[in-house]
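After this come two complexes, each holding chain A, first together with chain B and then together with chain C.
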Partner chain A sequence: MDYGNKKTVKMEIKDTIVIAKDFTDDPGAREEKDGLNSGEIFYKELLLPKYLKAVEENYRILIDLDGVFGYPSSFVSGSFGALSIKYGSEQVLKHLRFKSDRRPIRKDKIIFEINNPERKDK
Partner chain B sequence: MDILKRNIIWVIIISVILIGLAFGTGLLVKNWPLITLDSKFKITDILNIIFSVSIALLIPVYIKYFIDKGSKVNGMVLGEIERYRNHLDQTHERFFTIYQSGKISDDNKAEINIYCEMLDAKFETLASVLKERCKEAADKFIEELKTNQIQFWRGLTNIEINSSEVISIHPTTLTHEVKYHQNLTDTIVKINLFVTNY
Partner chain C sequence: MASVFPPESNKITHIHRKFLRLAKQQKLSLERKKNSKTNWKKITFPPRVKLIEEPNETLAYFNQAYNYYKKGHNVDFDLSNIVQFSPESIAVLAASIASFQFTNRMGSRGNMPKNYILRKVFQDSGFFEHVNVLDKNFRAISKTSAHLLHKVTNDKVVTGVAKDTCSYMLPKINAQYIDDLEPLYVILIEAMQNTNNHASGKTEIEYDWWLYRYLDKNKGIIHFTFLDIGVGVFKSLPVMNFIRKLSNTANITSNLDLVDELLSGKIKSRTKRKDRGKGIPQIYDQSKDNMFKEFYILSNDILIDTKKDTKIKLNEEFYGTLYYWTMEIKKQ
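== the complex of A and B ==
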């Protein structure tokens, strides 16, 4: 399976999001109405603004996935999946890089979601 | 056959040595009258005997050491496969119990997420010991396991479970979970066979 991280385009990393530090170490569900720390809030308040700036100034954001006790698929879908649905997987993967020293499989999960975003109305 | 394929260089070397020995023996037999026993021993002859006996004793010990070592590492990998399989089955059973209860609480949802996180930890350990033991030959199995595990995680922690509107597990969601669990089980069986025969 091609998870997308192999598509290397030379672009500088100029910003970082450490989810555990910058957002929460306990990610919630997909939507705001589902409770605290939802993917939707992460998307609206942190991911989208930083992503748009990265696209505008043509750089990459490094997303550190460590320090969190697990990401529910619904959180990933409400944040990275939503970004992929709106801007396309290729564009999203061009501007985002992922890092997880403790659980490398997390990178694959998120890239899988970006490549195959789960739609709410499926 | 796999053992032969993996040790093809040794098989060729041993074959050449055996052919050489057979050829040498033939020459000796042909020239038998030329061979005489000498009752005088030189120091080099004694050293030669000691050296030959040492080699004869050391080679089996050396081979046994590597066989034992390989067997211990295999045992460790099979142990990790067993632990992974046990945790996978526990996750499946817990999910089924929640389904049977006819309701799912926020604590249940968090619990399922924890089970998936623990399965990730088991995956990382298993992938690392498999890679260490079987090198590149393990890559396709690790990739298959990872793909199936991502599907399993998705099936267990998606909006059909984690949405606040969900108050019980729908039979369709259970059907998906059963399918992903079965895919993972099939892959684990394949890995077990691969490691056992490695």
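== the complex of A and C ==
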């Protein structure tokens, strides 16, 4: 299956994050103080630890975006954008793969944010 | 020789006491005005009130009430002769009367429409949960079944409200998955985040908004209104800063000239909260989805029809930001 990613570097997918099951089906805003299910919480508790492990052991994580009401821009910015700011878009996209059969446009939205992260201090 | 003036510390206490006395006098004067039986001004609405269809005519009534409040009068809303009151107008009336910014902490009261159908619409909305009514025999419906929701939260986005609204719509539009409701979900979250009740740009932000859902069974249409009463987009800090930063302001003759910049996301928040400037462009993009039959944004003196990409400058001002959209029920 094509997961909508440009490069086909041979790296195994050894882990998955199903956002609807592993985190929530109603993502919230950017920061923890903004309310429940924020991008910051997702980043700190799930995305970052799994990403660091994937980098260390040189494998990919498949992120399943389906089964969720929607991804507000601030949530995407507070999670995937934050990861990209810290580790660089190239490195992040090397270790993450995205899947959304129900709403493929989601992949584009998240990959765009990773390539163009909005810095808070900009 | 002893000074005729009080010592410094006594002077401060003296001034402090004077201020306290003045504040107390002002409070008493306000209470007197509020409780006065003669300090009431009446607003009699016409038979048809339709904010989006007739914005200038409708806003004139709200602004008349606003001016009465500002001058220290209480306002008596006469709704008795109304036969049609559009859903977005109901939401604006409830939000305005419940807002201290609008009422200047003066008193409000009102009667109910004589028209039975409209009376039921008001009752079902939960309007009278938020607004006092003179008819003592009237029984308001319970808050849980009301479709007019008012939330005040400190720096919190309530995802549950967006989720519940999407779950309600899921069978109505024959959607297969919750994912299909993404445009609606994102609009609600962005609108909540974008409520801008003050222009000060302080970091402690209060989210104070209203959401009203009205099902028109005869036409098979669901009307949504999301609004906040406040400074409005065009008087908010990001827009004011944007204008200040322009090297040539000659081209900005009215708020109409700022609409394209606003919708394209060129006007960004200069506060610490970067997500604050992104709300309206996101809402505008999502509003293009076919699930929305109509979609309007009203703020200050600007009304935007996002479906037709038209914008008009109004003669009357709306003190806040309102999003109004409709969704068609699909037959099974």
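Just so it is clear, the second predicted complex is superposed on the first by the 118 of 122 C-alpha atoms of A that agree within 3 Å, B and C clash if a C-alpha of one lies under 4 Å from a C-alpha of the other, contacts with A are read in each partner's own complex, and residues count from 1 in each chain.
Basically, contacts are C-beta pairs under 8 Å (C-beta built on N, C-alpha and C of every residue); 3 or more make two chains touch, one makes a residue touch a chain.
This structure is a prediction, so every number in the text was calculated from the model and none was measured.
Aligning the two structures on chain A places chain B and chain C in a clash. Touch criterion not met for A:Gly88: it reaches neither chain B nor chain C. By the touch criterion defined above, A:Pro49 reaches neither chain B nor chain C. In the superposition on chain A, A:Arg103 contacts both chain B and chain C. Look at A:Leu36: by the touch rule set out above, it reaches chain C but stays clear of chain B.
In the superposition on chain A, contact is made by A:Pro72 with both chain B and chain C.
In the superposition on chain A, contact of A:Glu118 is made with both chain B and chain C. Partner contacting the larger number of chain A residues, of chain B and chain C: C.
Using the contact criterion defined above for the overlaid structures, shared-chain residue A:Asp25 touches chain C, although it does not reach chain B. Chain C runs into chain B after superposition on chain A, and of the options 23-31, 41-49, 95-103 or 185-193 the stretch responsible is 95-103. When both complexes are aligned on chain A by C-alpha atoms, chain A residues 29-30, 33-35, 69-70, 72-74, 77, 103, 106, 118, 120 touch chain B in the first and chain C in the second. The touching residues of chain C, when paired with chain A in their complex, are 153, 155-160, 162-163, 166, 177-186, 189-190, 193, 272, 274-275, 278, 282. Those residues of chain B that touch chain A in the complex are listed here as 106, 109, 113-114, 116-117, 120-121, 123-124, 143, 146-147, 149-150, 153-154, 156-159, 161-164. Against chain B, in their complex, chain A makes its touches with residues 1, 29-31, 33-35, 69-70, 72-75, 77, 103-106, 108-109, 112-113, 118, 120.
Looking at the complex, you find that chain A touches chain C at residues 24-30, 33-37, 66-74, 77, 100, 102-103, 106, 118-120, 122.
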